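Same chain, two partners: chain A is paired with chain B first, then with chain C.
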Partner chain A sequence: MLLIIVNGLALGALYGMTAIVYNMQFSTSKVLSFGAGQYAMVGGVIGAYVTLHLGYPVWLGLLGSLASGAIFGWLSEFIAIRRIVRTSDDHLWILSTLAFATIVQQLTGIWWGTEPTPFPRVFEQGYAGVLDQKFWLPILTAVVMAGAIDIFYRKTMTGKVFLATAEDGLAARARGIGTDNVRAFSFALSGLIGAACGFSAGQLTFVNFALGSTLGLGGFVALAVGGIGSNAGGLIGGTLLGLLISFTSHFVGSQYQNTVAIGLLVLFLLFRPQGLFPKTFLRHV
Partner chain B sequence: MTPNTVVKPIGFAIATILALALPWISPNLYYLHIFTMIAVYWILISTLNLLVGFTGQLSIGHVGLLAIGAYTYCLIAPFGGEWPYLALLAGGFIGGLIGLGLGLPSLRLPGFYFAMVTLAFGLIVSELALAEQWLTNGSVGLEAPSLPAPFNTQTTFHLFVVTIAAVITLMTWNLSRFMWGRAMISVRDSDVAAMSVGVSIFRTKLTVFVFSGVTAGIAGGLYAASQSYITPDAFIPDLGMFFFTAIIVGGRGVIVGPLIGTAILAALPEISGPFQRYGVLFNGVALLFVVLVAPGGVSELISTIHNRISGKGRRPAAPADLDVLKTIITGATVHVG
Partner chain C sequence: MLKTINISRRTILLAGGAAALAGRFPTPAIAQNKPIQLGWIVSLTGVFSNSAQAQDFGAKAAIEQINESGGIEGRKVELVTRDSAADPTKAVNYAKELIYNTSVDAICGPTNSGEALPTLGVVAAANRIHVVLGSVDDLINPAKYPLAFRQINTNSQWVKASTIHAVQKLNKKKVAIICDTTGYGQLSAKVAKAQLQALGMEPAYEALLDPNQTDATDQINAARAAGADAISMWSNASGIVARVLNARGEQKWDVPVVAHPAALYKQVGDLLTKPAYWENVYSPAYDFCIVDQAGKLPASTQAFFDRYKGQYEQFLAAGMWCIFQGQAGPLIYASGVKAAGNLDAAAIAQKLNTGMEVGTPSGIFKYSDTDHNGYADSNLVMVAASSLQPNGGYRAA
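== the complex of A and B ==
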């Protein structure tokens, strides 16, 4: 029983972190990217590649994983977003991010293989049941990450520049902020968060080229449940979804994961479309 | 009387006759099978184009409706005796019904939400097809009876499929030319403008969605009849991605463009043999390329070239969307800022 709950919390942390990725990208670009889950997949694969195939220590694997996430984040902005946001066609970014996510996933599938492979242990620890690192690592990463982002937004200059761009891009540019660079940087940062999510998730989900689309969907549900723009809401929404999936997997069957996720999404969209913690936007009339 | 009113019907007739004559043009049975599959996909894609290209609702999950049609056909056809056509119709009916159930909540959502919900719908259908063994026989799959006597050879089956495809193409073409087509385009380009001239946005979207659900169900039945055996593996999300990409690559908002896109995307992995496993990757690359370089797709490229040759100069090929106007108006402020 406890195992089901802890498993749900760990899963929820992954969805929550993906929701944070969505949030960070949305805040500066007003784009919800289909690629949001793919950084975690890339981070996991690179982490496993560096440690298992090249035989380097775990901390180097983490470093490589984070770097690859940041690079892919920046690449997705450069390839799929930058040219698109200048046009006014709202549909194009859905297409371009979908295409980018497909390409990343397929390339990984071809290079790495489509079978899930095990991920190395991050810390020396025998199997410890409920207290195993595969459970607490994602939860800890998510909490630390959310706290760090909050401090980043509140205390640092760069964070304030982010907020200014998110609030009103035009006004930010009038104050001399290069919003294009801010957007690129926010994508790199969100890619890094995604990679950290994938690295911490490795032992729970295994290294799987399809992880990106699973997290993309689950993270989006977490986002919609929590309300767009709220990181805490995303984490709570993710936890809700993770627990729900963990319980139904155990009592009904693991084949209903997507059905549960999308059921929760539709319920929320029907009855509380603004999410649990709606962020109010000022709209000029 | 523009040239289009004469040229297009003739072009349509020629294309139909060519498609019908394919068994004699290319006697190779393997190629014929590919052509038949293209026609089956086209039955689905031609109406999905009304939804994606004309109405602007990006559905990635029509593979779910295709699967539902295919399973309905397999489950009902054995009871139909000499009349499995009824099972095809039943597939269309159930496809439309499920489309209605899916469209009612999801079509109210903005673009990305809708795309995500339809994507998830495709996942759910294959998930349930795997899980509900009492109905679908799980991963083992179901046997799909082929059509009876006149249409049981590959050639006659091809003729049957192409005839249905031609009829549905004619329907979509007629829909797109007149009132409904205008309504769809207005919903896509500016919902405010659509409302101001009395177009019911939600009803338009829902009608188009249900229509595409019906043809997706029929296409699913034909798909099953052509395969003789179906498993949940056949209806992976990649297939939904293929339908969607075919429309975007071919060109949104024109009838003939997605046909070209379908033919290219369906034929290439088959012909290229050893590169078959790169098929989905190729879809992604094609989609990204088209979005970045030629958002109007292949058909826009063709009409641009055609206009150059026929001396119409650099005038934009298709009548400009409201988007262009929007860019011109808003562009000034954006660039100043």
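== the complex of A and C ==
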């Protein structure tokens, strides 16, 4: 039973990190990018490429993975978001982000291949059951990431600029903040977070060009459960989803795990569309 | 003033008869020499691309060899390739395009059952010979699709050979069935259960795994708790196969696994945490890839590899049988046309149905009016996954 719980927590951490990616992008652009899961896929592929194919050490693989995520994130904003949000009030970004994510996934499939491939062990460790790094690495990464983002928002000037843009983009622009640059930076940062998620997931999920779609859906459910705008909510939503999937697989059958995930999304959209921890902004008047 | 022309029924019948006769007049030489076009729907990209690219290499090699030996009835053969990207909708659209726009003479492929199933009706409606590369049993039905023939073994043949190996050769009494949740996996679960029941046994445990499931330890422990002494695993997703084998190894439960040939793929071996987890895993392979005591491949297989040295090696990761399976389709069609002496689909099917032996590098096919599968059980040989040789061959288990 402990293994089922730990597997659920690890899976939930991946969904939670993807929910954070959604949140960070939404905060500065009001766009829910459908490429959110693809950053993890790209991060995992580049991490495996640098370490297993080029033969560099794992820490260089991590650097390559993070860099690729940041570049992919910035490109997403530049290609699929910037002009769309400027020129159209309609939700055309749904199509543009989906199209860009599909292009990246297809190109990766052509270059890297469509079969799952192995990911290197990050630390020297034999198989250790519930204490194996393939379980605790995603969980640890999610917790560290959530903490670091919180410190970034509260303690740094750039973080405060992020918050100002998220609360009221027009007011922030009026006060001299380059909101376009903030948005681009937030996408690069979210890409980096997604890539870290993919790097930490590699041993659990293998390196797979289809990983982005799975995480994109799971992350969106986690976001809906936790509430848009709340990173802690996203992590908790992801954890609930991961545990639910793991328990469903054990008690009901693996064939029902996607039904459960989508069912949970529908339930929240119907009965608590604001999620468990809706983000509210207080404005002094 | 309009002039009325009276056309009697007799005149129409005479004209019709004349037209019918004209259709039988010798056509100009240029039309006779026009290459025979074979539509080839293959998922070169997408989730099945590894095996499909190997099958594509085999199909092209077969066409090359047919043309080198003078073509079919003196006419060259052309392969008109379309990449369906593992998408059934694309496969159907390409089947229509190949038949109605390109006017191919016959269709080979698609290269997996999920894509092949929806194309059957399209090709049948156009009255073309259809040689299908899919293993799911329900795909081929001579009563419904009399022009469709299978160019590989059926899934039941794989499962039967594996079940017999587990029960009769390895003497196992309680077999657990683990499949994936895809259409193929669910169908295979039923076939595996039926095969066990045919041997007087019930499965000790049954489970379906979602292809995205990250860990199979739960199912392995449940199978162990149910008292299973062997696992029958049916999934063509290398990730799922590797997860089950990893979980079995990590739980130190060394029961034998009989599995879909995907378990033999090199990429499955690469996904295993330890190479030892590939031990005690058996899958059905083919007699043309069995090495002798000295590790040498059969002479015909080696001759093919010698000829295509420097080209075929990249396709071995998906299993050498994919290359040979790809060759079978064009060769089956060529044999049918040669026997019939023309391109008429009904005449070709009639000849193939006589039980004539169609020799291909992947084995001999024999079809009848009621059986368009045609592949003999005796071509299948169980092998141990860990016996993979550097030349791509295996040792018989």
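Quick notes on this one:
In this text, the second predicted complex is superposed on the first by the 279 of 285 C-alpha atoms of A that agree within 3 Å, B and C clash if a C-alpha of one lies under 4 Å from a C-alpha of the other, contacts with A are read in each partner's own complex, and residues count from 1 in each chain.
Criterion: a contact is a pair of C-beta atoms (placed from the backbone, for glycine too) under 8 Å apart; a residue touches a chain by one contact, two chains touch by 3 or more.
The model shown is predicted, which means the values in this text are computed figures rather than measured ones.
After superposition on chain A, the partners chain B and chain C collide with one another. Touch criterion met: A:Gln257 reaches chain B and chain C at once. Once the two complexes are overlaid on the shared chain, A:Pro118 sits against chain C while remaining clear of chain B. By the touch criterion stated above, A:Thr18 is placed in contact with neither chain B nor chain C. Once chain A of one complex is fitted onto chain A of the other, the partner contacts of A:Ala10 are limited to chain C, with no touch recorded for chain B.
Of the two partner chains placed by superposition, A:Ser190 touches none, neither chain B nor chain C. Once the two complexes are overlaid on the shared chain, A:Phe206 sits against chain C while remaining clear of chain B.
In the superposition on chain A, the chain among chain B and chain C reaching more residues of chain A is B. Looking at the shared chain after the overlay, A:Asn231 reaches neither chain B nor chain C. Touch criterion met: A:Ile110 reaches chain B and chain C at once.
Overlaid on A, the two complexes show chain B and chain C touching the same residues of chain A, namely 106, 110, 253, 255, 257-258. Residue ranges on chain A touching chain C, taken from their complex, read 3-4, 7, 10-11, 106, 109-110, 113-118, 127, 129, 204-206, 208, 210, 214, 249-250, 253-255, 257-258. Residues of chain B touching chain A in their complex: 56, 58, 60, 105-106, 109, 111-113, 115-117, 119-121, 123-124, 127-128, 130-131, 237, 241, 248, 277-278, 280-281, 283-285, 287-288, 291-292, 295, 323, 326-327, 330, 333-334, 337.
Of all residues in chain A, only 32, 34, 79-80, 83-84, 86-92, 94-96, 98-103, 106-107, 110, 169-170, 173-174, 213, 217, 220, 224, 253, 255-259, 261-262, 265-266, 269-270 touch chain B in the complex they form. Remark: chain C residues 45-50, 181, 186, 207-210, 212-215, 217-219, 238-239, 242, 250, 265, 267, 270-271, 273 touch chain A in the complex.
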